[in-house]
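See the structures that follow.
Paired with subunit B in one complex and with subunit C in the other, subunit A is shared by the two complexes that follow.
Moving on, here comes the complex of A and B:
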């Protein structure tokens, strides 16, 4: 009995080596990311309102309301338009982002007080988005090409993959991403490791809802910063996949209209 | 009087469009009403240069904002009003900043009414921006504008960029400080005293076009304006008398920005042509941002711009051959704290202007701002700027948003 108990792990590891030869951890990681991307393909466009709650280490909170419009593109990265509804002194401030699979994203900022559109540098990936625990890179469209991959482990339905940002300007050395393969490869959790490879933040996705029998969208994102003990909670409203947005809804003209 | 007219035109327009909106069956409309109340205090550090001017200016302003959207946001009516009460009678004024109906469909957008348009890329001077008249009593930087009556049509193409056409049926005169006001000339200019070159006066029918596109890291805009100039032209005769009027101008503008890594390279250039005057002016510079330097979101941006104006000392903004340098500090904190410090120095004289603008939100509905403008060693030969040499000031504002 004892012998066989020793034997099983050995057989298992031999099998694992065999499968790894057939498919390396890098290949499997990439394959999972591609499968996840494929699973979410075809949503076309969406509009969603969200509430962002910032919590400092003493538990004091402050809120922001935003509306996000997204246009799916397959040959290049998605386009997005984010409008601030509150706080009231920045109401109407809006950003238009064209994500690119390779190279820097294009981004414009609309300042409603002087009606000005300003092209801004997308260089600042690691900086916080409006004082929150989300960095700009955490909220940009997650394109497969932006990371290198390494499959770490399988735990029931959960697949854990390490992702290394291609861009040296990223604030992370790596992210450890948990996919749920039985739920359309939706994301369950991301752990972010800073430039010194210390655990910086954990993002947990919850309150998932299945739209159009295909697209999983989490209604709650909770980002906890382990180093500063600050927290940011995103609560999403109902996703609208029926607006049939087009390229014209993601232009400078549309950016000004959205912020007015 | 003209304001009254403007008001009735705007009201009529609104009544028509609201009527139009109600014709649609069960429009799912969203409307929002907001109000900003602002308390302001301006303190001028030096004794006045001209009689009647004061040192302390407490002031109060209101900015109501209303919007009504329907047709999934593709149709809307937007209104922004403005009122200020100040010790300077001319700075006590009200305006309809915006009141327009807008409709967007596919690749076009149409607006009717009073609207504010901004063109350009530079920070220290806004040459290309010409659609709206400057509300010169409001701010020193000229970024506050009066509502401009217009019909605006934008046509978006995927490959050729966006084309915008403006029909501007009515000209608005620039505001000037009154006798009690600072930042004025020795002679008090009454805005109604300024005439027009055009026989049609403020009812001259003006036009503008603009093309805007982007190619990778390049953002380019080319514009042309034909009509009553927004800047009055000051002509001095041999006896030293001033004759000021709004000339009919043709102005072609170019604005270009190259966004490369953390660098923004900027250029604005204009060529303005009138019977009494033609000239070129440009502003060229760069902005570089060191982002997230402390790992907590602190951004420090460095700005440098060169300003040239062929009009030399006749240029109304006194920026004829100058260098602007500055720094923008953004903390990216919960309160959106930011600071902009800068200076403009004349390359041919000792004249310098230093400035500081800082703002921070308190709670979720309050915002405080501090502004300082310091006029330093202003050369007496500066035709325009020498009038302001005693006008260094501090400005504090607190706004409550409802």
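Moving on, here comes the complex of A and C:
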């Protein structure tokens, strides 16, 4: 009896500390994500070419070449336009995506073979992007609103934050994201956990380059799928921040033009 | 003759010295053998491996081809959960909600990579230039009746669903959970998946009692293998009980029974040590090793003990003298029968099915150890235990009675050797002809008898939804991105249509179906465009668009390779015999060769097809092993009997029981599985004992007692008749126990062995003596009719 009298306040205070910590972990996670978004704010627009290399377990590879144009928006998600340069039979195929902070993104696809724009109405963003280990959701604009956050740990300059996707159709239960606070909160690594909370993939960013003294861009993305042992490597060329793209460069007409 | 006599004397002297040594140092010998058995047992480890891959050797070309296919696409095993709502309609709100829930839950299965259900089927529809891709039934709880009716209509028209995920009536549905096992430790991974799915299923059944639930697939198959190994291991207990009872009846001595028990248990412990030291993982065929060792090892002990007790009880020898005498008389026969059994089991290594290598090696080692323990621990123990003499007279009468019975059988034979030979050979010839009529059939599902849940569930699913058998092709185009080549697509489409037309085909899943449906969607759902695109760019761009619209885990990576140069065709089939499976595979391969460009030629592969071919491969590879076993064992016999002619003659009673066995099997069942292929080598080592004992007694009578052939036969019947019947009964008991296995590779093997062992005894009692008389006749010029008459009168 006596024992419990002593223990109850102790347990209560321990619980209080734990809950306080939990709350602050979520707040801190969110704060880090916001800081990172802020750090990258103001790039305006960019154009970059990239090579995507798909590798299976046996080392067989397959390549695709793409060009990505991005327009920064602050009140809603970014707009992006991706043009396929190769393989030959999909050359000129282009996708236009309006990411939204809340709700499903809008997506159009231009097919040069029939010279038509198709609108894809789908909530599916979790599938592999052109057979690669990247899901569309891994490549699309990383809006703060799309995740719940929890700060996990600090390791020197590295901050590790757990992100839980808001979209119920996401292929992930959570992602563990490593930010580098001394390098403008750039991303160093993301670990993806699948629906049964098993480690599915790891994405490592490397060969970072600082543009305009503010914007960090990694020249290499390497995604490894631990379950299938397949890999996808993205190699980016030089970013062009000077094209000054505007809304009219991200329309159905622009999509057709970009593809042909 | 002198030299031979010398070697015989040497052998006798050796056995005597051995016995004296063991008796003199009974305690050290006992303690050393205990230490040996314990030492080996301490290294023991019994681990099970249920992965069906264990049935295929690494060099198996079908396995290589199948693994190559899995590497190209995705390596996957599956669990098929089948739901049959009691109201007979999947398409009600409650049932769809339940299916949706279970589908979501199924994603939590360990190692799962994909879950296919009717509710999460990606339905594509088009309105003008807008393309809609979505789950067929998402958030079913909020669907109106009209929407549910629409879902039903869509589902029952969907070629990718009907006969795969739902039946035509819409009363039974499947959830196919694909798991990607890392394959690092299948002994741990498979149970992990099984426990998780079973828990999920029992929870589901609790909350949804209105559903009947069945499971099948490769993971449950592996589990069934796993569990049948464990069940068969339990048969050991039954056999142990039988050993105790049989030994008690035959020896009527508690200590003898105890000593026998010690010997067989030590042999099994040593075998377990052997398993641990060699890192063998037990599989259904190899898990029967304790029962086999028990069955075979107990005979050694019984021979030694029966002679020993006889010498004490009947001849009134003292304990030590009786033991030495028993060892002297039995050392060589026990050694030779152990040797032939070891040879027989070692030849299993010639086969192409690794679990049988393990079985052969474990039992061979166990038998070698059984010989060691029977000639050390057993006499040491009997030298330590007191001997109780009793019931002498009663037994003697019993003995005489038996003796008379066997003598009468002998007389029956010697009166008409020629007639019996002709009749026997005629019957054997006929059965041998029938034996050749047996066909191989490794029906995968039928590996388990109908008491096994896996079998019941698989049967239900086969009858009501889809097939368990399948065949896969990786059809190449010969160029990167070539799967979008219209010529390739057109051919693939033709192949798909041809496959659909085959009578045994239940369902075909080919990439051409994807190409057709996307083409239709791109043309505003116009049914006229439900055909493969005619232009490569169109096909490639449609595919790109389609792939962009698919969700996590439902992508096409399991159907097309990274390079888009090959695609996978999966054909689901009805239950088929091995021969039909192989014929279907060959017909399909031939169709591609005759009708498609070379790049599209492809080998049919699949686990079910691999099992279909397993029996043939095993038989082919065991052939050499069987010949070697026959040669080696005949050589052993020639040396043991010191007679080349009789060594050759022994081939007849050693080979014919197998022919008789398979001949009778044709009348009983007519199909042979992989497990039965091994019985020739295995039973040869066992049944040869009968021949050895009979012939050695016959020769002894001829050489040492100077009897003529006919008298020698009577002598052989009188001296070993009972012993042969006794060991046959012990062997029968063991194999009858094994024949109760629920696993067909084991139970069929045991059943045919039972037939062969009985046939061996009959042949050794009828044909062998007849032959011995016939071959001896030529040498015997003098007919000794009166002398024989005298013998008989006695």
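Convention: the second predicted complex is superposed on the first by the 236 of 260 C-alpha atoms of A that agree within 3 Å, B and C clash if a C-alpha of one lies under 4 Å from a C-alpha of the other, contacts with A are read in each partner's own complex, and residues count from 1 in each chain.
The rule is simple: a contact is a pair of C-beta atoms (placed from the backbone, for glycine too) under 8 Å apart; a residue touches a chain by one contact, two chains touch by 3 or more.
Given the structure is predicted, the values throughout are model-derived calculations rather than measurements.
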If you stack the two complexes on chain A, which partner ends up touching A:155: first (subunit B), second (subunit C), both, or neither? neither
State whether A:247 touches subunit B only (first), subunit C only (second), both chains, or neither. first
So, A:127: does it touch subunit B (first), subunit C (second), both, or neither? both
Which of the two partners, first being subunit B and second being subunit C, lies in contact with A:106: first, second, both, or neither? first
Which of the two partners, first being subunit B and second being subunit C, lies in contact with A:87: first, second, both, or neither? both
For A:196, using the defined touch cut-off, is the partner it touches subunit B, subunit C, both, or neither? Pick first, second, both or neither. second
Partner, of subunit C and subunit B, that touches more residues belonging to subunit A: C
Scan A:62 for contacts with subunit B and subunit C and give back first, second, both or neither. both
Pick one for A:75: touches subunit B only (first), subunit C only (second), both, or neither. neither
Common interface residues of subunit A with subunit B and subunit C? 54, 56, 62, 87-90, 114, 116-121, 123-124, 126-128, 130-131, 171
Partner subunit A, residues of subunit C touching it in the complex: 71-72, 74, 107-113, 122, 129-134, 180, 480-481, 484, 522, 535-542, 544-545, 547-557, 560-564
Complex contacts: residues of subunit B adjacent to subunit A: 34, 36, 67, 72-73, 76, 78, 102, 104, 106-107, 109, 116-118, 120-121, 143, 154, 156, 158, 162, 212, 214, 219, 257, 259, 261-264, 289, 291-292, 295-297, 299, 332-336, 361, 364-365, 367, 399, 401-402
Which stretch or stretches of subunit A touch subunit C in the complex? 54-58, 60-62, 84, 87-90, 93, 95, 107, 109, 111-114, 116-131, 135-136, 169-171, 194-196, 198, 227-228, 230
Touching residues (chain side subunit A, partner subunit B) in the complex: 54, 56, 62-63, 86-91, 104, 106, 114-121, 123-124, 126-128, 130-131, 171, 243, 246-248, 251-254, 257-258, 260
